[in-house]
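Two complexes, one shared chain (subunit A), two partners (subunit B, subunit C).
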Partner chain A sequence: MDIIIKNLTHVYQPNSPFERVAFQDITMSITSGSFLTIIGHTGSGKSSLLQHLNGLLKPTRGEVIVGDKVLVAGSKTKDLKALRQKVGMVFQYPEHQLFEETVEKDIMFGPINFGVSTEEARRRARKALKLVHLAESVLDKSPFDLSGGQMRRVAIAGVLATEPEVLILDEPTAGLDPRGHREIMELFVRLNKQEGLTVIMVTHNMDDAALYSDEIMVMDHGRMVVKDRPEKVFQDVGYMARLGLGLPQTMQFLHSLSEKTEEDFIASLFSIDETAAHVAEHLLKERDRS
Partner chain B sequence: MNIIIGQYVPVQSVIHRMDPRSKLIAVFAFVIIVFIANNWISYAVLVAITCVAILLSKVPLRFIYKGLRPILFIIVLTFLLNAFFTRSGHELFGYGWFQLTTGGLRQAALISIRLLMIVISTTLLTLTSTPIDITDGLEMLLGPLKKIRFPVHEFALMMSISLRFIPTLMEETEKIMKAQTARGVEFSSGPLVQRVKAILPLLIPLFISAFRRAEDLAMAMEARGYRGDEGRTKLRVFHWGLSDSSLLVIIFLLIPVLWVLRS
Partner chain C sequence: MDKESIITVDNVWFRYDNDAEDWALRDIQLEIYSGEWLAIIGHNGSGKSTLAKCFNGLLLPEKGEIHVQNQSIQTPDSLWEIRRLVGMVFQNPDNQFVGTTVRDDVAFGMENHGIEREEMLRRLDSALKAVDMQEFMQSEPHRLSGGQKQRVAIAGIIALEPLIIILDEATSMLDPQGKKDVLNVVRRLNKEKGITVISITHDLEEASSADRMIIMDKGQVMREGQPSHIFMKPEGLSELGLDLPFTVKLRQALKNHGVQLSDQAFTQKELVNELWTLSSKI
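Right, the complex of A and B next:
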């Protein structure tokens, strides 16, 4: 399901003293099955943009096209529910939305709202639980008896159980420990690569952005300033710094190393293995030369 | 969304600078005194005093109107009820059981003015004093009740904490509503039964987060050395000035004046 955004602008509380432009004039397209990461510092309009993709916010100007659904400024869109079923959304701290007595019921809540039968919802709950790597034994537990990381997984399973084609993630790893962080990110990559879900993620973590996404979109003061492949985005270090954004750790390391040794190690590499191989190769060459 | 009737408007004025204690006493007394008036002259005195207070406060009129809006409906309703159900004086208009009399109109007008005066004076209090000032003032005024073991300090603290958390909880509500909407809940459309059912997935997470917040807040307060009322000093000390004394004198002079004007 391709997503097309045309000249989209959103203004909060228009024509009032509290009027505030969330973002303006954004035009872009997201191909089906791709992994897009949106970065930009707090208040740059990232979350507001995400909320247009499943009709939680309506465009002030411009339009959003998700598959065959069109959201246009000033007109009521019918059947937002169908859109919301296709576009699953995981909010920041999704565990705050849990409310049912058991994990199973909470995961089934979404599918049942979208009109799935109880048996089918139960089947989906088990499937979603497997996807997020939780044992079936938690199904009968109260979600409030679980650990923070487990609660997050249950909440994500609750969204996956609605079987969306597009998955929207708003800082999905905030507040998780390093292991939980890695596992959750691996889950999203797996969903993207194996199940073919389109993933759109907002994050402040440059490592995740660089490592996992096909494309990175940078937002600044409500405008889209860059949308490109990660290697390209992190090339212009000065520009990223001016936007108040950093570099992935691997590239930070290469930059510091170049500074200290006064040699050029800089390359757009994001995984630790690749970076180590790159540095080793460089050093070997050096040794051969001398 | 504007739930609080009359949010503090920071402008410089005599009334803003006054001691919240005097304002609290004055408003409390005024609300009772309003009931002494029962004819046009006495009402005119009350309206005049309210107008002077509004002028002195320098609060733009639209803020006062904004504070009134939520209860405007009640005022209109009391006006209509009084107008049509009071039968005195001569009939102006009649249609069977329906009657509009001069006495009814007079009664309706006076009662509506009374309600307006009460609401405007209390709105003026919240418009010209910060919530913290009001709770601090209330705490000091209720101070004597400590003797009979009424938890005045805790009461005031509860009040200021609840005021402080209204916007936070509103934000939280909006967030959870969005999250559940994304999971297919419909809050604003669909049959009534379903909409009522939709409240549960909103309320439970909201309660849980409120409890979590309360726990965190208590912990943070203790970590910063809070140990209740005992030995606690105030950051802001109130100053009782000439204007405060004059306000109280004027308000209490109103009682005999209105009594004489009353018919």
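Right, the complex of A and C next:
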């Protein structure tokens, strides 16, 4: 399901003294099955933009097209429920929204709300649990007896059980310990690569943005300033610094190494092993030259 | 550094439910030294935040004792003073604002402590200056970024002239710049005013720059020492839900690719220096 955004602008409380432009004039498309990451400092308009993709916010100007659903400024969109079923949203700290007595009931809540039979919801709960790598034995447990990382996975399973085609993630790793962080990112990559879900993620973590996305979109003061492949986005080191965004750790390291040695080590590399290989090769070349 | 204890934790046990079998803290024995930067790490649910909340009496241990500057947190009379001495910054910047302007917010704590108006105005200025927020004195909280809000929270704390600041994942919701700004402010307070810092964090790079680190698991202190010593022996860290810091992983990868490095380099700067020495010898 492709997503197309045309000249989209959102203004909060328009025509009032509190009028505030969240973002303006954004035009872009997101290809079905791709992994897009949106970065930008706090208040740059990222979350407001996300909320247009499933109709939580309406365009002030412009339009959003998600599959066959069109949201246009000034007109009522029919059948928002169908849109929200296609576009699953995982908010920040989704585990704060768990509320049922058991994990099973919590996961079934979403599908039942969308009109699925109890029988089918139960089947989907099992399937979703498998996708997030939790054992069926947790189904009867209270979600509040689980660890933080497990609770977050249950919350994500609840969204997956509604069988969305697009998954929107708002800072999905915030507050997780390093292992929980790695496991949850691996989960999203699996959902994207194996299940074919389109993933749109907002994060402050430049390493995750660089490692996992097909494309990165950069927002600044309510405008889209760049949308490109990670290696292109991080190429302009000075520009990223001016936007207050920084670099992935690997590139930050290559940057300080270049400054110190006055040699050019800079390359758009994001994995530790590739970075080490690059530095090792560079040092060998130097030795051969001398 | 001369080691003068500022917080003493003696055989502390804590559980959230009096009948519960699992203790959130079990027999914690710990000294925190004046002027140090202590990082507390551990996986979600290991007891880090529970322990931190005991340091200023937000939670009271069921067994054992905690003293802050020789005053027991279990003595109701000293609790007020202890909460002035031990300031806490929490994770979510939106949950700790009480005032309608930055100025009111910083003044709130001082009013509660009955500080006189003249003195209050003086401290208001110097506290906002210390966190680089003096220009925002009249701003409304919702106009600030997350990092700015956290710095205002810190200003509210330092206006009370505390000895200790606890950061409970205080930078985990911030963008990279906001995070840097907050940590720089706290580092300055640590260096220049000698304020003791206890930082609870999942960020291993941040923890690496601490003077000392403890790792918690299942309510117990599993390891304690200098970060460089702890990460020198990586065995078992992954079972504790942890990972190695970036520099240590990169150093290992460089060695695997045949670069002749020692095991000394621990911070990014040290590793860059060692590679520089290596390349200039060629």
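Just so it is clear, the second predicted complex is superposed on the first by the 290 of 290 C-alpha atoms of A that agree within 3 Å, B and C clash if a C-alpha of one lies under 4 Å from a C-alpha of the other, contacts with A are read in each partner's own complex, and residues count from 1 in each chain.
The criterion applied here is as follows: a contact is a pair of C-beta atoms (placed from the backbone, for glycine too) under 8 Å apart; a residue touches a chain by one contact, two chains touch by 3 or more.
Everything numeric here is computed off the predicted structure, so don't read it as measured data.
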Legend entry - subunit B or subunit C, by number of subunit A residues touched: C
Inset, instruction - Would you check which partner chain A:G246 touches, where first means subunit B only, second means subunit C only, and both and neither mean what they say? - result: second
Legend entry - Partner chain in contact with A:S48 - subunit B first, subunit C second, else both or neither: neither
Inset, instruction - Could you tell me if A:E286 is touching subunit B, subunit C, both of them or neither one (first, second, both, neither)? - result: second
Inset, instruction - Have a look at where A:H181 lands relative to subunit B and subunit C in the superposition and call it first, second, both or neither. - result: second
Legend entry - subunit B versus subunit C as contact partner of A:T198, first or second or both or neither: neither
Legend entry - Touched partner set for A:Q24, first subunit B, second subunit C, both or neither: neither
Inset, instruction - Would you check which partner chain A:D273 touches, where first means subunit B only, second means subunit C only, and both and neither mean what they say? - result: second
Inset, instruction - Overlap the subunit B and subunit C contact sets on subunit A and report the shared residues. - result: none
Inset, instruction - Sort out for me which residues of subunit A touch subunit B in the complex. - result: 51, 54, 56, 81, 84-85, 88-89, 91, 94, 96-99, 109-110, 113-114, 144, 158-159, 162
Inset, instruction - Could you please specify the touching residues of subunit C with respect to subunit A in the complex? - result: 42-45, 91, 145-147, 169, 172-180, 202, 204-205, 238, 241-243, 246-247, 249-250, 253-254, 256-259, 268-269, 271-273, 275-276, 278-280, 282
Legend entry - Interfacial residue positions of subunit B with respect to subunit A in the complex: 175-176, 178-186, 200-201, 204-205, 208-209
Legend entry - subunit A to subunit C touching residues, read off their complex: 40-43, 92, 147-149, 171, 174-182, 204, 206, 244-246, 249-250, 252-253, 256-257, 260-261, 263, 272-273, 275-277, 279-280, 283-284, 286-287, 290
